[in-house]
């Protein structure tokens, strides 16, 4: 029974990370109808930037928040400089640009930092924490906490601030937004900045577990797709919940179903994607797209 | 005017293609054969995604299916390779059609995700059925000798063989797309509800298109197995499917010539990137991708079409 | 004083030219209407004023040339636009819709005051404050569109076919409110309408457009008497 709780908590921790990346994907998708395939690599690159700061002797939480700021600015710049020239072009054109970005980030990271795995520190103590009779890893609990804080911040931002309202408006109805004086282009850019920030948090929380290397986020991106599919690409909250479910299922299946080793774990994620798509394509919380004829 | 220019261009291209084996080295010839193979695969994907609007991130799966069909038929039962190509085509036609049926319920992003999941699963499935597929080691074949005692190297023979298959398949595709079927397929892409209201059986056409598209890509896979003389699961990973998608967007969606341009791009640009930078070749490739999309957002064929249209407009204006 | 003036205004969508050089003017404090059948180019005219289509020729607002400027900037000059199709943010609440109308002006207490004022003109919106915009009826959404434009405290209000698809009673109510706003707050109005009789009852000056050209113009009272207009547009 104790193993069950441990696996659930561990699953929630990784699930929170999947959910965060899924949230970043959904945020950009809702505003632009484009899935940012480079989201994982952006997060990976941010984590390397954090590593550089830490290596230069910057204390952890300064490096953490510094990376968030740099990632935000980076996300804004990427949208304004790289994506903007193809903003109004067919979707597949933008997809190819995102793929190009993915490939560039991965390659440059490998070139600057090499492909050798590096350890990445966790801000949480290595001592396990006892809750009742069950032992939990401090990092697992800490990662869940950090994820919740980030989500709370984003929720409050979008719900209660004028800028957040303007961003929601720009994502839903760019034409009417312009008539309200909203600079839609910059709203998109800020959206990318926030998504990059969320990705950076995910990267910094997962790096202590899987070690830092340029291909670190590839598998996580796939789990993020599974999470967003499960939760619904039209629902930010759903994407996060989807992530938690995927994380927990992944862990429980890995522990209790013995013929599924690490290789087939990925197949579990794929199976989830396909099952959801067959029965309810819009996901658990998503709204089915209604097309006016 | 543009139709004549098009025909001249085609004749010139064909002439160049026929002369190639006498001009380039064996290795280059092998690369161009690969271009031919990719072109067939890209045409298949383009029929589905460009003309019919169904996005597939999983065509590597059909490529793999075609390749392994050929490899297994040759390795286990010594089937003559031309027959294996036909078998691969038929098998993929059926497989594509069957996959197209549940795919009917999925649109845009969701179809892309489903096909993406399929592409991801392929290497693992291939490794799992070890007895047939040879597992991670794959299957080794031998390059066929030119038939009828021809005095050509195997590479030269394979080049012409691929070229012949390519020409046949491209002509077939052109006839298909230029006629009623083609118009129905495009109508479904542009406005499925209107198409249905006009009596087009969208479900049937969409599944058939999936089947035909898979068949083309499967034939390409079969050819690739023969040309490379080796199949292994890791060559058919999700990256292959993404490369195919890249190829049709760069070459030009909804364009037959686009398949050739795209094939040239995906075969040669990675090599150029490596020549430019040994340290970060994929970064250069990425820059090429982004650059192409800035300059030619509708692909190479799209850009050529616009140039031709502008010239035609100027021509009519001058004559008016 | 002339608030909005167009001279030789042309507009096109892609390669298709829709406006072939039109002239019109809106007096400060006045109500001007542009009439015409479907496809005459009336909506395009409003879009041209707001910088939403490619234009050639000249548009001046309060003496300044505004061609080619972005919509977001023109809004900040004080041009409010209740667009064709209402343009409601369907997933946002009524109050959120209204707050967005004031976005260009910055925030603070004045927004709260403006909300009160606007609820005063449109009490039915106050009742539905927290409801998503998409759940409102056609008439209510039209009122929401006008109210949202008012939150800007515009100098010029552009109304695109406000009567479209609405019951006559609702149309009369909306036009009564527009008249009040024009009188009490000195908001100039450029009204584009297919419903000529209602429009001519409200406006002082009128233009008639056909396939991208102005074919008639003059005081509204005159156009009302005009035989050709009576037969073609007023139905008797």
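Labels for the chains are A, B and C, by order of writing; each one numbers its residues from 1.
Basically, a residue touches a chain if its C-beta (ideal position, glycine included) is under 8 Å from a C-beta of that chain, and two chains touch if they have at least 3 such contacts.
Because the structure is a prediction, the values reported are computed rather than measured.
**Q** Note down the smallest number of touching-chain steps it takes to go from chain B to chain C.
**A** The distance in steps between these two chains is 2.
**Q** Chain with the smallest distance from its CA centroid to the overall CA centroid?
**A** A
**Q** Go ahead and note the Å separation of the Cα centroids belonging to chain B and chain C.
**A** From the centre of chain B to the centre of chain C is 52 Å.
**Q** Roughly how many whole angstrom separate the Cα centroids of chain A and chain C?
**A** Once rounded, the distance between the two centres reads 43 Å.
**Q** Centre to centre, by mean C-alpha position, how many angstrom separate chain A and chain B?
**A** Computed value for the inter-centroid distance: 33 Å.
**Q** Where in chain C do residues touch at least two different other chains?
**A** As it turns out, chain C has no residue touching two or more other chains.
**Q** Considering only the defined contacts, which chain A positions touch chain C in the complex?
**A** 162, 165-166, 168-169, 172-173, 175-184
**Q** Tell me, which parts of chain C touch chain A in their complex?
**A** Against chain A, chain C makes touches at 50, 52, 70-72, 75-76, 80-81, 83, 87-92, 96, 99-101, 103-104, 107, 148-149, 152.
**Q** For chain A, which residues are in contact with chain B within the complex?
**A** 29, 35, 82, 85-86, 89-97, 99-104, 106-108, 110-111, 222, 225, 229, 233, 263-264, 266-267, 270, 273-274, 277-278, 281, 289, 291, 293
**Q** So in the complex, which bits of chain B are touching chain A?
**A** 49, 55, 102, 105-110, 112-114, 116-118, 120-121, 124, 193, 242, 245-246, 249-250, 253, 279-283, 285-290, 292-294, 297-298
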